[in-house]
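Consider the two complexes below, in which chain A is the common component and chain B and chain C are the respective partners.
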Partner chain A sequence: MSLLCYRCLPCFKTRVSVSSSKLDETESSMESFVKLQKDAGTILEAFPLLPLSVDRMNQYRANVADYELKTVIGRGFSGATTISLARHRPSKSLVAVRKTNLELSAEDVLLVQNEITVTRQLSHPNLLPYYCTIVINREVWTIAPVMAYGSVQDLIHAHFHNGLHELAISLILRDVLKGLDYLHHLGYVHRSIKASHILISLNGKACLTGLRSSISMIRHGVRLKRIHDFPRSQIETNMYWLSSQILSQNLEGYGPKSDMYSLGITACEMGNGCVPFQDMAPSQMLLEKSNGTMPRLLDSTTVDASMLQDKEQAVEADSIPNLAENDAGPSGADKGSFDSLSSDQAAYKRTFSCMFHQFVEACLHRNPSLRPTAAQLFHHAFIKQVRKLPVGLPVLLSPVKPLKDADPFPNDMSGEPEVDAVTETMENLEIETWDF
Partner chain B sequence: MFYTPDQAGTDGAESELYYDRGLYQYHSHFDDVNPLPLDMMYDDDGDGLDDMFFHRVDSAEIIYQPRQKKAKMIGKYLMGDLLGEGSYGKVKEMLDTETLERRAVKILKQKRLRKIPNGEQNVQSEIRFLRKLRHKNVIHIVDVLYNTEKQKMYLVMEYCAGVIQELLESVPDKKLPIYQCHKYFVQLIDGLEYLHSQNIVHKDIKPGNLLLSTAEILKIIDLGVAEELDMFAEDDTCCTSQGSPAFQPPEIANGQESFPGFKVDIWSAGVTLYNITTGKYPYEGDNIYKLFEHIGKGDYTIPEECDHLLTELLSGLLQKDPYDRFTIKEIKNHDWFRKKHPKTLDYVYFLPRPDEYRSMTVVPYLEDLHNYYMEDEEESYAGESDREQRGKREAVVCQDMQKPMEKKKRRRRRRNIISCISVKKITGCAQS
Partner chain C sequence: MPLFGKAQKTPAEVVKALRDAILALDKGDKKADKASEEVAKQLKIVKEMLIGTGDSEPQMEQVVAQLAQEMYMSHLLLLLIQNLSKIDFEPKKDVVQIFNNTLRRQIGTRSPTVDYICTHREILFTLVGGYESQEIALPCGHMLRECARFEPLAKIILFSDEFYNYFKYVEVSTFDIASDAFSTFKELLTNHKIMCAEYLELNYENFFRAYQGLLDSENYVTRRQSLKLLGELLLDRQ
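Right, the complex of A and B next:
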């Protein structure tokens, strides 16, 4: 039987009285529940919500003393959040502890609260779960599994400056689409899909996280066709991924299809190694999006060879070829460097498959009703191509070494050096931000 | 009247950019709009529309050609088109260029304020109230900017798609379907309850002071004549009122020296509900004296088309004696208020002006801000092939190291500088 609200004892009792046929079964679970309660001792849980499973909840209790903090592996939420590696003392396994200082504006605190409540109500293999949440003084701690490869943005920054391998992108997007389909099915719009919100686990599974800006389309028990809420807080960090439907703030409104646009931008981010529009001021980005400029993947089919040669001659003249759908002439950004040129050449040397181009194009379609849904995209040829792939994501990501967390503590004494080793790997990883 | 862009045919693709959407105003954030004189179309802030001209074709049609929209920044805000005009000043659209939020700005000129009785005082108290208040059904003030040199004040507020008055005026019988009326009235009462809980009497509730956001959230605006009750006052007794005459209760029409303040808002909410459900006013009069005479007598009829629940609620709201009038609690407990009204097909939407979705009017200004259509005269009619040629020419210029400045200048002139998928490396892409 499903223990929908087993933390809430009175509620549980009423259910027992109603379903007399299942009385025996319920009572036994009830006993185990009471036992569980006793085991757990004082539960400091801030948000009594859907547990993932009794085992896990039992394993990761909301007790500060259970977690021994190690290295800081990332920061997020404008520096208010630090993500640390921690050892869970009872099970001796590694977990990620996300500490958020709640000395924020009231709006931002609401965001933190929104993230935790929404995340705890969801359960899907491709959404990062929160094992438990603890409020200590002015901090809220969220215990989550360690994602050994960090975020996709970290991977791009540290190793794949010119973008990931197409098959790797396909594998990542396949997982993200599953999670996204689940979210949309439940009536949520994520509103901040981007590479830094996709985390990769040790065995190469991608998890979606960062539900801070997510919003439910269900109001007063009715699923709305469109919503108009503008994501106010922290908009600066998300706006480059947002669809023009969200940004235009008009009567048209937006829906889950907005996430599909963000997914298209994320696909470009992963393929090109940089975010479309990123060198523009926000207002110019808005203008480009409202004019219908469609970003695209950079490869030999989209980067013009003659232009490249022109640019080679004009290296010192700080010219960078830039491309867009309508206008493929050489126009410029204000600054350039040798680095950009080399990455441009890298873009010219590779060729993404036709399917990948189609995938991105479909996601970024100007008319939201013509963008495919997450479920439809799951059957797209670009995603299908990796179904029978003999190798997994870790192989495609190799030289990158994951943060190993496979039971590094056989016993208490030998635990410490292993953590040091892990810390070393961490440093080698050069993870800049492990952003949730 | 309607406007057509001059020489639309010859301009081809460029004509859309020259099209001045600012002239499609929709009415208005204020009830008391004067019909807009033509010279108002010119932006008197001197932002370069002087070379725009009008010539009369016939009495109804005016053709004009503005050059382009010049971007004007007020702090971090980019000014957009006119949204409406009130007795106090213009309301324009703005864009917060940092967060990209749409805003509306009320532009107040000190010169003009001084001419209005209590003008400056009312504005100051409105700012004070709005800063203090925070409710989804009360307009939220975001920023107040002053320009001491020009003696101007900018009240930056959240953007709303339109005003309820405008919905009423867009339909022939000037009324809204019951389902829609109920949706708005519930929100009006929520907003009023909040205002009263904060000891504020609005005193000027009317369809012209009720805005709707893009998500159809009702926002009460214009607290210029509102009164804050003393924290230690025993009751809600008020002595003054400057609200709109047709929405004033009998105690004010009869000239009583003092009256319970909250009940003034209840009465006005009653007249508002009467107005949006029936398209009429309970009391009318050719002039203010006759109107007040009628209100003072307290004789009015509720049209038969109203069902018995609505009739009951209206008569509760329009009680002559303020002490017999419904309280907010009584309204909330009333069956018409609590009832789920059937959705009907005659839902009234905003007229598609300036476009279907009331999209941002700042886009042409953004193009100017980022130099998108700074074409040379000779090139302004450039076709696709010309454009390609120009591309080559520019490439040549790019190679000319001697004139980096000129090259940069020329590059900026091009429309659609698209570096969206630039290969430029992330500089400090620290996301958070």
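Right, the complex of A and C next:
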């Protein structure tokens, strides 16, 4: 558990030393200054695009003039949100500015409010922080660090149509588990864990985001055993990841363990390149989930040649839920075409490790009380295998290029070759669904 | 006595240790660092006694009662709130939970903490003042909304001069603080209908003159929220 100790988190320490405005005193003592620098270095690892500065949290002021908007890099929340790359003028650093138009229903405004208040009260290297939030005309702007690789969903869309490399998934999930354990420890249930809510920084650190649907298990100073709230407003987009405990809305209620189910679905999403059950109608998906159908990773052990042939004929596609998803896969380009089928076949001849299969099975256990907690999963062999991995996540994501610099994106794009190169990178990234 | 590990401290000891640690926060450099660690540690112990952790149950009613008694005697709640900005980021949330849990304690129909706060009003006003400072605004808001659930406490805030500060707080440009302040403002005005009606009747002129400012605000969120609240206040048939 020592690895998951929150009280010694670098972010938190730096922030505290700043907030008590004793910066000068702290710096005067050499020893603590070195420590402070080391801490700041760890944060830099998470958000490398920002220059080294101790005064991280207070540096970003609620002043519009400080932010020079560059280019739109994503959209989300049913079009109400756009994410732009921006330069923070005083520090010259890059930030992501998320603009949400508040001309939404009162219910949706409450969601935005919930997301912002919850996020502002959290501090963990694996949770995306919001530096500050500003109201400008009818929009609320949220200033956050730039996550150079975009979301894991973006990565799947951009390059890994049949899923990411197992070690990459392990590295990503390790970070997500740390963030999730912190959230659960504080009594929050995330309720929308999915690949589009996991963002990857330039150095390959994964951050969990999308706390819009999150809910606290602590009411009036008492920690509830279970909750019954149904996350109605975002249900159409989130339901494929949600556990049957949330979806069935019965008296049993649910707790943090339903996040573990979503994590299992997300693991499948990352491994397979598509979301389990996604080809089904919501009612059928719910039926499958409550009957205990367990989605699986698609590889040589779970997909055999005869099944693939069946799929080629596309006769029994519907009866094999896990396979059929590819037809309804997110990228329309390879929809139903014969070429993609043969490439799928090749992809599913891979073999995931037995540990990965066990990991997914443990998360998706039908009985929530038998699902492991985030802290327990952190010690799972599948996560442990990457402890001494010599290569980092960026190497494993290699053909995808991160978003490195805003300089090539002035508001007036000139035709320089460099600009074209980066524009191309941007296009490859296809960050169209930074779904916060 | 547990078989393994240290024997648990009594509530009196914990409260004393916490109090001493908070008082030591004001001392210079190194001692303050040590004190803030100690505060975090003791807050965690108190929180676990009251709320339990994810796995363990809270302490027996008897221990909790003793703990609450010690807190009243040593004026720990006020001390915690006054020093909130000096307490580290994570332990701040423990303070909120401890406060909220203590607040809802009941003995029969009596709420001893509510009675206690009624006689120590500075607790409420310190909380209201918390909106002035960015790093404690959200925790203070959380505690205030819990207070607003109890009529006597909502009444004290509503009928005070400090209440008018809200008209300033809900308009700050930082969205999270402004909207949190507005939630509190709204709960104070809508939770206890009869008391609020009485308040509005007595302070009609002053209140609506200030409220006009919110309706004309430059800030879209303030304008929208205040218009909605006005609708609720006017249309509620009670």
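Operating definition for what follows: the second predicted complex is superposed on the first by the 323 of 436 C-alpha atoms of A that agree within 3 Å, B and C clash if a C-alpha of one lies under 4 Å from a C-alpha of the other, contacts with A are read in each partner's own complex, and residues count from 1 in each chain.
Definition applied: a residue touches a chain if its C-beta (ideal position, glycine included) is under 8 Å from a C-beta of that chain, and two chains touch if they have at least 3 such contacts.
Keep in mind that this is a model prediction, so the values were computed, not measured.
Residue contacts after overlaying the shared chain place A:Ala65 against neither chain B nor chain C. In the overlay built on the shared chain, the residue A:Ser196 is in contact with chain B alone; chain C does not reach it. Of the two partner chains placed around the shared chain by superposition, neither chain B nor chain C is touched by A:Leu370. Of the two partner chains placed around the shared chain by superposition, chain B is the only one that A:Asn250 touches, whereas chain C remains out of contact.
Of the two partner chains, chain B is the only one touched by A:Asp229; chain C is not. Of the two partner chains placed by the overlay, only chain B lies in contact with A:Thr237; chain C stays clear of it.
Once the two structures are overlaid, the count of chain A residues touched is higher for B than for its counterpart among chain B and chain C.
The touching residues of chain A, when paired with chain B in their complex, are 75-79, 153, 157, 161, 194, 196, 227-230, 232, 234-237, 239, 247-253, 268, 272, 274-288, 290-291, 293, 295-298, 310, 313-314, 316-324, 326-327, 329-337, 339-341, 343-344, 347, 432-433, 435. On chain A, the positions that touch chain C within their shared complex are 6-7, 12, 15-16, 19-20, 25, 29, 62, 102, 106, 109, 113, 116-117, 120-121, 123, 132-135, 137-138, 140, 184-187, 218, 220-223, 256.
Residue ranges of chain C in contact with chain A, taken from their complex: 29, 36, 40, 50-52, 54, 85-86, 88-90, 93, 97-104, 135, 138-139, 146, 149, 173-176, 178-180, 219-221, 224, 228.
For chain B in complex with chain A, the residues that touch the partner chain are 78, 95, 97-102, 159, 161, 213-215, 350, 356-360, 363, 366-367, 369-370, 372, 387-388, 390-391, 394-395, 398-399, 401, 404, 407-408, 411, 414-426, 429-432.
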